[in-house]
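Please find one structure pasted underneath; my questions will follow.
In this document, chain identifiers A, B, C, D and E correspond to the written order of the chains, with residue numbering beginning at 1 in each.
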Amino acid sequence: MDHLMKITDLNVVFHIFGADVHAVRGIDLELNKGETLAIVGESGSGKSVTSKSIMGLIPNPPGEITSGEILFEGKDLVQYSQKQMQKIRGKDISMIFQDPMTALNPTMKIGKQIMEGLIKHQGLSKHDAKERAIELLQLVGIPNPEKRVDEYPHQFSGGMRQRVVIAIALACNPKILIADEPTTALDVTIQAQILDLMRDLQEKTGTAIILITHDLGVVANLAKRVAVMYGGKIVETGTLDEIFYNPKHPYTWGLLSSMPKLHAKTDKLLAIPGTPPDLSHPPKGCPFAARCPYAMKVCIDHMPEYTELSKTQKAACWLLDERAPKVDPPSTIGVGGEA
Amino acid sequence: GSSSSSDSGKKSGASNKLASKQELKFAITADIPTLDPNLATDTTSTNAIDMTQSGLTRMHNNKFEWDLAKGEPKVSADKKTYTFTLRDQKWSDGKPVTAQDFVYGWHRQNDPNAKPAYNFLFASVGIKNAAKIQNQDDSLYGKYDQLGVKALDDKTLQVTLDQPAPPFFYSILSQPQFFPVREDVVKKNGSKYATSADTMLYSGPFVLSDWKKGTGWTYKKNKDYWNAKATKLETVDFKVVKEQGTAINLYKTGSIDEVGLSAEYVDQFKKTNASEMKSALESGTFFLYINQKTNKNLKNLNLRKALNAAIDRDGLVNSILNNGSAGSDYIVPKNFVAGPDGKDFRSADPDGFSAGSASEAKDYWNKAKKELGIKTLKLNFLSQDSSSTQQLNQYVANQIKKNLPGVTVTINAQPWANYLKLNQEFKFDLAFSGWFPDYQDPMTYLDMWTSKNPQNTTGWSNKKFDSLLQSALTGTADQQKRWDNLLAAEKLMMSEYPIVPLYQSGHTWVEKPYVKDLSFPSYGPEIDFARAYITQH
Amino acid sequence: MTSSNHDITKDLFTLADLGDTAADKIAGESVSAWKDALRRFVTNKGAFISMIIIALIVFFAIVGPHFFGYDIDNQDVSRANLPPKISGLEWIPAFSGHENGVDVYKEKNVKTAYWFGTDQLGRDLWTRTWHGTQISLIIALIATLADVLIGVVYGGISGYFGGMTDNVMQRIIEIIAGIPNLVWIILLILIMQPGLLAITVAILATSWLSMARIVRGEMLKLKNQEFVLASRTLGASDRRIIFRHLIPNSIGMIIINTMFSVPSAIFFEAFLSFIGLGIRSPQSSLGSLINDGYQMLQIHPYQTLYPGIIISLLLICFNIMGDGLRDAFDPKLRR
Amino acid sequence: MAAKTEKLLQVKNLKKYFNVSRKDVLKAVDGVTFDVYKGETLGLVGESGCGKSTTGRTIIRLYDPTEGEVIFDGQDVGGKLNRNEKKNLSKRMQMIFQDPYASLNPRMMVKDIIAEGIDIHHLAKSPKERIERVYEMLETVGLNREHANRYPHEFSGGQRQRIGIARALAVDPDFIIADEPISALDVSIQAQVVNLMQELQEKQGLTYLFIAHDLSMVKHISDRVGVMYLGNMAELASSDDVYGHPLHPYTQSLLSAIPVADPKIERTRERIILEGDVPSPIDPPSGCRFRTRCPFAMDICAKVRPKWHEAEKNHWVACHLHDEEIKTENV
Amino acid sequence: MGRYILKRIGYMIVTFYVVVTLTFLSMKMLPGTPFKFANRLSPEQLNQLKHYYGLDQPVPVQYLQYMWNFIHGDLGGSFQYGMQPVTEFLMQRFPVSMQLGIESMIFGTILGILLGIISGIYRGRFLDWGMVTLTVVFISIPSFIFAAILQYFFSVQIRIFPVIGWSGPMTHVLPVISIGVGVMASIARFMRTEMVEVLNQDYIVTAQAKGLSTSAVIYKHAIRNAMIPIVTVIGPMTAAVVTGSLVIENIFAIPGIGSQFIDAIVTNDYPMIMGTTELYAALFIVTIFIVDILYGVIDPRIRVSGGKPS
């Protein structure tokens, strides 16, 4: 298949205080044109680092991409210089960050912040860029955009700022939009507005979205495909339905069953005991082994290979090995098995 | 030329031809505070007034010369009335200097409303009624029109004294306090009078042409001065520089032609620019007050002798001061004033009245200890906190401590304003002080030690001394007797060591070889450049 | 990874017994926030070296004045202005006893070697320099301690109680800050007897302001932190909150600020000495030594050099150490 | 679950205003009324800034109420309290905080953090008893003894939150206000804490006021749920009622806004998307606070503040749509 | 905003009044006499002088008199300068000190900001390390030592610059450098910290994500934001530099106010001390006020609301 982007065996290390944090440990990922890929996973599992690697924004020092390739339209972005990356960023690939309160420069007018990218990538004149900025503000649903282009971020509410951030990201019609927890800092009612907006925009522009979140509700709402990360690795990937209705990895099970269901009665949540691994001393075997209720001796020292479960779904778990005992997913994942 | 000892014999290097550009440049530590003779109390102001204005006499090379007075006045038989005839001299606005200007100037000095600061000189010299006019309790207080001065006509000034004139009468007339003042200019300028170059009139060898406050000023030759031919310099430039190091740098770069040297620099210049170095003895005498009024121990003569003997004057003048100062055991300085016989006052006792050396100091101290029944003594040494006295304070304190075992000295260095207060309130045991003359007579050094004199902050009192000075004060008719009385007074005083004389100040400076006839006289203008000139270089 | 697959045997596919709390185990020894900061501080080479240098200077300030048995006022003008000389190290130009190519010791016929030379009164500069260091350090210490006390108490009260109290106290600070430093200090020194106490009071008069501001800021920040609220909901008294929670948590900031106020006190004393308002002779401080030497800067530069080097070292080291401590206490860097 | 009817806490018309500047008053909580029954969990939800935390903090007297009554176990604790009364109250009422990083003093050891309440209330007679109690608490919350001598920064977020719970439990309270105890935690960790809280409630008969903005979690843990909007209580009912048939338009839209972790439901869901943002509590809209965003706003909503009334049995709401008097008038 | 400014002006007046009163009172506590030649005068003569200058009045009367004159712009006459009006002195000398201070500030600030930016960008690298060391050294060398060395080297040895003066541009170089390096060092340290802080902000990443070049990110986004807090330091520092330049003024014989001030203090020239103190305080208060207002102007976050940023 002809992927828009293909990541293979990406490894990112941060060198800090005499320790090396192996934030991303050999992940593979593909993204197709116009699709929405969600990356979910525990905090610190390497989601943001992965997305920053794509943007070429891993701070160096202390960060370093030690190996792997990120093919974007056939070209390896890892090998690109900063200069070359600057031509990609904002134009072909753009990014939305988690906290709209801090993602905008407090001393620069909103309009100018939108215009910068336009001027840089599309060579628009100041005047045209401003016109376009107003259009964009309109597009993301900011009322009265002619007036508001000349305002400063602090004059906007959180939800509106996130719209501005989206407008900046979409300014040059990027092929890929990376949204790193775009709604985590927002209230549910505002979150709903933003999710709606993103969906609308994607329909209009056909941009592929990488959505990073740990809110499975958001994933269910927006994504087509899901990758589940744990301990710097992708432990399972599949289509939305596969992941929600036929998950194969115990971590995915845990994730799903630790969430209460709004529309069903849950007596007791299934808690995953313990805490995620310390990535400065990553475990030799499966990163989830220490917290896995089904952990076997093999899990501790050996990293499982991916098992292709379908054309679209694969998972890395020893339970999927034919030698492993058969285990049923817990009933608490609620919707499990229906798919 | 008693001032610049190294002046003669040195003609090497520079030629003696006048340079075409007659310009002399100086650095000075303070701006001119005021040009008003009524308010001038400091050397810079006095020097500026001296150089730009004229009185009846002018000091040059420690001797007075007739300036606006056309030679000797007519003296009455009782020697109390002096009638001066004035020379033709114009103010810088073209009007002639008149006898009335003198009368106004003198009256103004005795008018409390004009806030005169230094008018006690009128009483010192004995101008008729001056003492009474200045005394708040006297019926004549403030009635300056009763002063013994009168303009007989535009060119004739009559001065009346209370008693026959003292020998320093003519020399004191060279002081700004006795200068003529133009009433119309004073009235016109009000509070701005004499605060800038153009709110003042000039009648001296120079005019002040440019006075930039805080930066410096320039004198230009006064072509209208009656004796202008004697003035060779065209311009004299003063820059205000407070840092000694900076002044030295200016000299090294040729931006100024003269710079006074503090001790540190003397050695350096001795090595590098010995030929440019000059030295002169000044008339300042420096001493320690010994407070025997509130410190009973110090009433003991042996203790006072011990203190006198304890301090090594040579070390002080050679190592600490190192500027041509001379160690002293006397009160009236050398080379300051000559008596009726033409001999210097000091020639009678050239070395003064030494109490002995360090070893004798110990003997005195031992005796004193026995007499007083003490083993140790704590002395509070009051001094000034200027950077120039720092070293001296420490040296003196250390000498006493070192040579009189058991005596401890704490230095109390204070700013001048506070020093004065503590000194006058007798809040000290030893206090470092100095005295510069008000007039050219030994009296200016001696009368301060009389019992009632407020300057006598020692508590020492001697009837005999008081009467000797009293007869010198009134007995101005017999010059020789008066002289002998003064000599006897000094001797008498020094036999009781009420103070510790330390040194007579000197001035060491470097000047460029092309500068000639520049002097630092011991009485009169502080820097006398009126007759100086520049040779080709 | 494929290669290792060979070792994977069937028996590995049995449930591993990880124990209940395996995942909750914390590795390594217990580290308090203090130890953690200390550890980070020690690994900061610059800061650590600075600390050692400061310790050395303090050591010499204590023993240095007694090295040669001179006291600070041991004058002898016959040995005035000798350049530094260290027997055995004469081959180093700085310690040869020569000045402008002349062997001054020979010239003045002096046998003893003076390591830092002598001053104009022939006093041993080694003794005076270390004595001066001692005085400067004492000034800095007193000033800093008092600064800390006043500043911490003032800022603490102002920040903790807030409201009207804070308002009034802040107005007072504003007024005090409205008067320039120099003015305060000169007025104070003029009114008081000059000397150590006056200098200390003068430095104090203003230096605590920044400490008060910092502590107030910390208090404002901390008093609404959840752990303080938690303590309040547990019924803790103001005293307990202040001493158990607020002060221990602001102490990092206080220490850091202290590190910066020590050198500024030393520096300020030097400035006072320069304008003639410093320590009184024959006592010396680094500032007064530099000032005395400054008169001789062009003639005998060595008289300024050593006090200058020491004061610079002190300032540099305190600054670097302060920076190091700031990093060490920086919660952002803690893992 | 047996019906819980014994009132442990009654909050009547509670108001808390902050003076933010000389002329501006921020009405953080503006007249809320509700009861909490012994042994139940009352959930409190609402958007950011609607006054949930302020309500909780005013009840526990971190803030002094501007107006209103708080009756705890029959005793009025809303007025002026002296130090002793406050102290006694603090023994029976405790709080768990949101931020597991900010809520533990980084300079204290875990044992001292947990024992703080024991020390303040002198609950231990000897150091030995004190440490025993600390161990007991640690074990209660699923940590172990070795953790007593460690410092907070050595723990993960979930563990820290458990320490916070242990601290609150150490004084053996009846009532615990949990202010977003899980919102800073990862999904998988949240369940640990929620489960622990539920276990403790069962074992020790605790009563919770559970504040959160995660509606599904609130629903899961609460017996009854209160929905707040801009300082007011909009609706209060059993959690099944609130989620099953919400009465207040705000509750309805809030519920519809929550994305559900079920793709099928998500695909078919109808949403009521609210326009705009929450107005400022400094200058709130007149009448009904929600009217500016309400899809059903009527003229009366701007004029009259809706009454807080029991529209159905045990189902309280403040909305003109459900006020019988208004309805009949309008009809 | 208007209200805020009015309130601030109110505080300023109160502060200033307190300063005036405090200085007046401390003048009354100063030991000693303003008459330098008092040792030559009898007590009667001295009393007479005190009477001339109203120093024999009770303190409250003197205070009211002083305040009355003060309100009318009359600060009295200087004792050491033959009663020349103090206001005139201050007006002559102050502009010089001000100019020296401002030039030094401009020099130091520009260089400091540059250095700070560079070392902030290259944080942790050799360049940064070198700069940090340099600034600490500059901070720790007393400015007078620096000035003396500069003067000796550049004016006496190689004679590029005049030894003293305050006339042409050449005369400004050394004094401005002497004061400026200290300013530079402090500003550089401050700027570095701010720069490091700003470079860690999210909006920098946003800017990078737009594809802006590194220089554009730094120039357009980082520097401006890093520089805003600098304004708060520059204000008080300017005041401190203007008041603290006295030593440098002495060394380069610059006719500023500083050296005058010391002279006044040493001679108990009350009107001059008070006048100078008041001027310094006014300068200080006004600078801080201006900075606050300026802060509002350049930081849009408080421009509208008129409050302070939290």
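Note that a contact is a pair of C-beta atoms (placed from the backbone, for glycine too) under 8 Å apart; a residue touches a chain by one contact, two chains touch by 3 or more.
It should be emphasised that the depicted structure is a prediction, and the values quoted were computed from it without experimental measurement.
Enquirer: Minimal path length between subunit B and subunit E through chains that touch?
Expert: Shortest path length, in steps: 1.
Enquirer: Among the chains, which has its CA centre at the largest distance from subunit A's?
Expert: Farthest by centroid: B.
Enquirer: On a CA-centroid basis, which chain has its centre farthest from subunit D's?
Expert: B
Enquirer: Could you put a whole-Å number on the gap between the CA centroids of subunit B and subunit D?
Expert: Roughly 90 Å, centre to centre.
Enquirer: Report the inter-chain centroid distance for subunit A and subunit E in whole angstrom, where each centroid is the mean of the CA atoms.
Expert: A distance of 53 Å separates the two centres.
Enquirer: Going through subunit D residue by residue, note those that touch at least 2 other chains and give them in order.
Expert: 159
Enquirer: Please list all residues of subunit C that touch 2 or more other chains.
Expert: 21, 24, 190, 276, 294, 297-298, 335
Enquirer: In subunit A, what residues contact two or more other chains?
Expert: Counting only residues that touch two or more other chains, subunit A contributes 273, 275.
Enquirer: Each pair of chains that touch: what are they?
Expert: Pairs of chains that touch one another: A-C, A-D, A-E, B-C, B-E, C-D, C-E.
Enquirer: Considering only the defined contacts, which subunit E positions touch subunit A in the complex?
Expert: By the definition above, subunit E touches subunit A via 124, 201-203, 205-214, 216, 220-221, 224-225, 228, 298-301, 304.
Enquirer: Where on subunit B does subunit E make contact in their complex?
Expert: 27, 30-31, 33-36, 39-42, 45, 112, 115, 117-118, 120, 134-137, 191, 194-195, 212-215, 239-243, 245-246, 249-250, 252-253, 255, 386, 414-424, 433, 438, 454-455
Enquirer: Touching subunit C in the complex: which residues of subunit A?
Expert: Those residues of subunit A that touch subunit C are 17, 273-275, 278, 289-291, 294-300, 302-303, 305, 318, 321, 323-325.
Enquirer: Note which residues of subunit E are touching subunit B in the complex, please.
Expert: Result: residues 30-45, 47-49, 52-53, 77, 80-85, 88-89, 92-93, 96, 148, 151-152, 155-156, 159, 162-166, 250-253, 255-256, 259-260, 263, 265-268 of subunit E touch subunit B.
Enquirer: Using the touch definition from the top, list the residues of subunit E that touch subunit C in their complex.
Expert: Residues 11-12, 14-16, 18-19, 22-23, 26, 29-30, 132-133, 136-137, 139-142, 144-145, 148-149, 152, 239-240, 243-244, 246-247, 262, 265-266, 277, 280-281, 283-285, 288 of subunit E touch subunit C in their complex.
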